[in-house]
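Chain IDs A, B, C and D follow the sequence of writing; residue 1 opens each chain.
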Amino acid sequence: MSDFTPEVQEAIDRVRADVARLHAELVRYNLVVWTGGNISGRVPGADLFVIKPSGVGYDDLTPENQILCDLDGNVIPGTPGSDRSPSSDTAAHAYVYRNMPDVGGVVHTHSTYATAWAARGEAVPCVITGQADEFGGEIPVGPFAIIGDDSIGRGIVATLTGHRSRAVLMQNHGVFTIGKDAKDAVKAAVMAEDSARTVHISRQLGEPIPIPPESIDRLFDRYQNVYGQTPQGALGASGTDEGDRQ
Amino acid sequence: MSDFTPEVQEAIDRVRADVARLHAELVRYNLVVWTGGNISGRVPGADLFVIKPSGVGYDDLTPENQILCDLDGNVIPGTPGSDRSPSSDTAAHAYVYRNMPDVGGVVHTHSTYATAWAARGEAVPCVITGQADEFGGEIPVGPFAIIGDDSIGRGIVATLTGHRSRAVLMQNHGVFTIGKDAKDAVKAAVMAEDSARTVHISRQLGEPIPIPPESIDRLFDRYQNVYGQTPQGALGASGTDEGDRQ
Amino acid sequence: MSDFTPEVQEAIDRVRADVARLHAELVRYNLVVWTGGNISGRVPGADLFVIKPSGVGYDDLTPENQILCDLDGNVIPGTPGSDRSPSSDTAAHAYVYRNMPDVGGVVHTHSTYATAWAARGEAVPCVITGQADEFGGEIPVGPFAIIGDDSIGRGIVATLTGHRSRAVLMQNHGVFTIGKDAKDAVKAAVMAEDSARTVHISRQLGEPIPIPPESIDRLFDRYQNVYGQTPQGALGASGTDEGDRQ
Amino acid sequence: MSDFTPEVQEAIDRVRADVARLHAELVRYNLVVWTGGNISGRVPGADLFVIKPSGVGYDDLTPENQILCDLDGNVIPGTPGSDRSPSSDTAAHAYVYRNMPDVGGVVHTHSTYATAWAARGEAVPCVITGQADEFGGEIPVGPFAIIGDDSIGRGIVATLTGHRSRAVLMQNHGVFTIGKDAKDAVKAAVMAEDSARTVHISRQLGEPIPIPPESIDRLFDRYQNVYGQTPQGALGASGTDEGDRQ
């Protein structure tokens, strides 16, 4: 089952390289400890995605040991890395790809501040312009859901569908982010933790000043449009990778 | 007294290399400052363990300067490193190995957040799924005990025997973790600090939502069984090294 | 339009190298994530400044991809880097250069603690001598202003003109700093975050002791004069780069 | 004036190398930003000490650019580095060396947590065993004193003379530590910040449990004696560099 057209094979190779390399950003920004976070990327033009292998340390990731799955989360036999198990969060990633066709990348971490908000089941309010730019408002909370079936994936999709935010805080658990591709989802994971941390620290000594909703709208719209993106829900902001984030 | 069978000698060499190398993980995850933390590993098939030398900086650790001890904590004369003193916590490590036969590794640190809970004598409540996976509930507190006799070792063993947690917060002191081997105990030290930090930060702005006990049970059981381990108290979870931590 | 006198060309090249290199200090001191912060430097002897390109990661900055602008923020065509867009904050930098002729460098970040104070619209009070040395009193708050016109630049200039502080917290946004050159503005960004963090943490457990105004004056005056600078508002302190900061 | 006996010259060279190299530990443990911290070491057998040059970045320190001073803080002309100014804190270091003959090293930083306690004028209470080992009780607060005369030095000496602690929090300013040599003073700076941070974080969520005074005494005495040191006030603990810190 591993004979793909040259175009698809090339796309697979590119996504393998991206997914393997991008995990270093999770380490760089202190979003993960040990092996506790994972990235996946959809293969453009095919019903496939590439995801981190389970239990492999971040220093040991290569394009070849990433794992190729179909959209039900089954490992494609006979492909590089297929002798290992994919991330234990694979079912959640697969559910997102099946149900959000515009999503090209998914990231999951237990980054400290995002998870701290998630443990209280509290959304991060939008009181800094960087969050308005990036997420267009609050970072919402998804349901408590236990690993092992589709409940995490369902919770992510239910919360983010039609929402401007590309990040969801899963109650008592951690954060999932989506993007137009794996890099964009990683950017969302970095910015979600940055917002969660800054707003947390601000609130420790008093109440932050709210940003008026119309200003949030202007910031979000501008952030997408300046960089030539079609603003269309969460993934409209994905091109902001070309911007300076504010 | 340093002539061992080839099998034992090989095991000693392997544990020396592991223990020396694993200290770099304590540095990487900011669990230690100066020389304030130590790792030991039991030698499989012998009544011996290997431990960090006292007062040597983490940059200067090698397999050869780790110290080989018997289960009473006596340095084995004539072996590499035996000209130095072992860690001043050796008695506590030895007590654990004598009294918990399934333990193959012990780690001690004063990591900031774990020690902060320990200074209040307060267990870390289980409000994040990562802690449920890893420790199966709260991270408990052991007694106030002063270095110099067996009281620290006794406190560790009394607290962890029959407990799911592989980590114990010693009151006013720091944290000890156990594992099936040194690497597993290091993982427990990393995850204990991560839980202690995340739950601390969550509680700074309100009360985290409890996880129902039956969900904690399901998470803990799954985390062990998915990776083919026999769930049997604290060390049943040790195989989770193969997992993605959630 | 890119034929400059040799003297101006040499100055441009020097500022390009400085601006490219100095961004590494923002990374080193954890003032930025992803691409969310930028530095510019005025070209001495010309109505020009050099600024970071938009959306380029800090690992990829070189003297050649920095962007040369006139004081209205227009990219000088035909110069290295002119095929890319300058930082989306360019209008604010340009406004400062047009209206504060002594300013030779501008830095913008969303550093965590400075932004946390900014989100509450609260100035950092002067309760540590390092802040008295460096900023001569509190770090003030500027207005809420939305990117897209001159309002951010106007807010910076209105707040810092005649003020001892070289740093301003823009409400709900982040921090801008100025200096006699790019390096001096970077120093101000580093010291502003350091003060914001230390004073925040101090206030978490009680009220810091105020420093008497006359002591603040003495500290600020000495800090400038010891190093042979003319104390003249915010930029008088710029020579403190030669000092040990206290 | 730069012809010393070979023994003294050798001692000078050794201290120059130590002082230059040890500044990297201040960076490693995040005790300093920019150029805001300094180390000095007494030259054994001579009325001289070596100190950091003013305003030089930590990446640029070499044995040759450290500055040799007499015990009044005057630069010894004609010696390497004597073309630059010594640290602006030189007068305080010199005062300590003149008045505390057993002190062989002095360190000054504005490390975040120590300075946060100093800004409230509050001693760090002894609620963790690591602090009992290292400082034998609380870390005391010295007076508010302004740079420029002997008042900082007097405050350090008045607070630490006869005190077990090798660290003093100078009100609204930062921390000074002393040791038998420069390395020992650096260790004290690292451990003081570690205690200040851990106790701060512990107190954020409640009141830490006090350690009984007799237990503090036993911990402090043991920490010194185990390593064959004569316990004699603050500097008795200096040999603990050989220990594992607990």
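By definition in this document, a residue touches a chain if its C-beta (ideal position, glycine included) is under 8 Å from a C-beta of that chain, and two chains touch if they have at least 3 such contacts.
In this text the structure is predicted, and so the values were computed from the model without any measurement.
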| item | value |
| --- | --- |
| Given subunit C and subunit D, the chains that contact each of them | none |
| Equivalent interface positions on subunit B and subunit D, same or different at half | different |
| Turning angle required so that subunit A lies on subunit B, C-alpha fit (0 to 180°, nearest 5) | 90 |
| Chain located farthest away, centre of subunit A as origin (C-alpha) | D |
| Distance between chain centroids, defined by C-alpha means - subunit B, subunit D (Å) | 32 |
| Centre-to-centre distance between subunit D and subunit A (centres being mean Cα positions), rounded to whole Å | 46 |
| Residues of subunit B engaged with two or more neighbouring chains | 204 |
| Set of all touching chain pairs, with the criterion as stated earlier | A-B, A-C, B-D, C-D |
| Residues on subunit A engaged by subunit B in the complex (per definition of touch) | 33-38, 52, 54-55, 85, 87-89, 108, 110, 112-113, 115-122, 144, 146-148, 171-174, 200, 203-204 |
| Touching residues (chain side subunit B, partner subunit A) in the complex | 29, 127-130, 187, 190-191, 194, 197-199, 201-202, 204-209, 211, 215, 218-219, 222, 226-227, 241-246 |
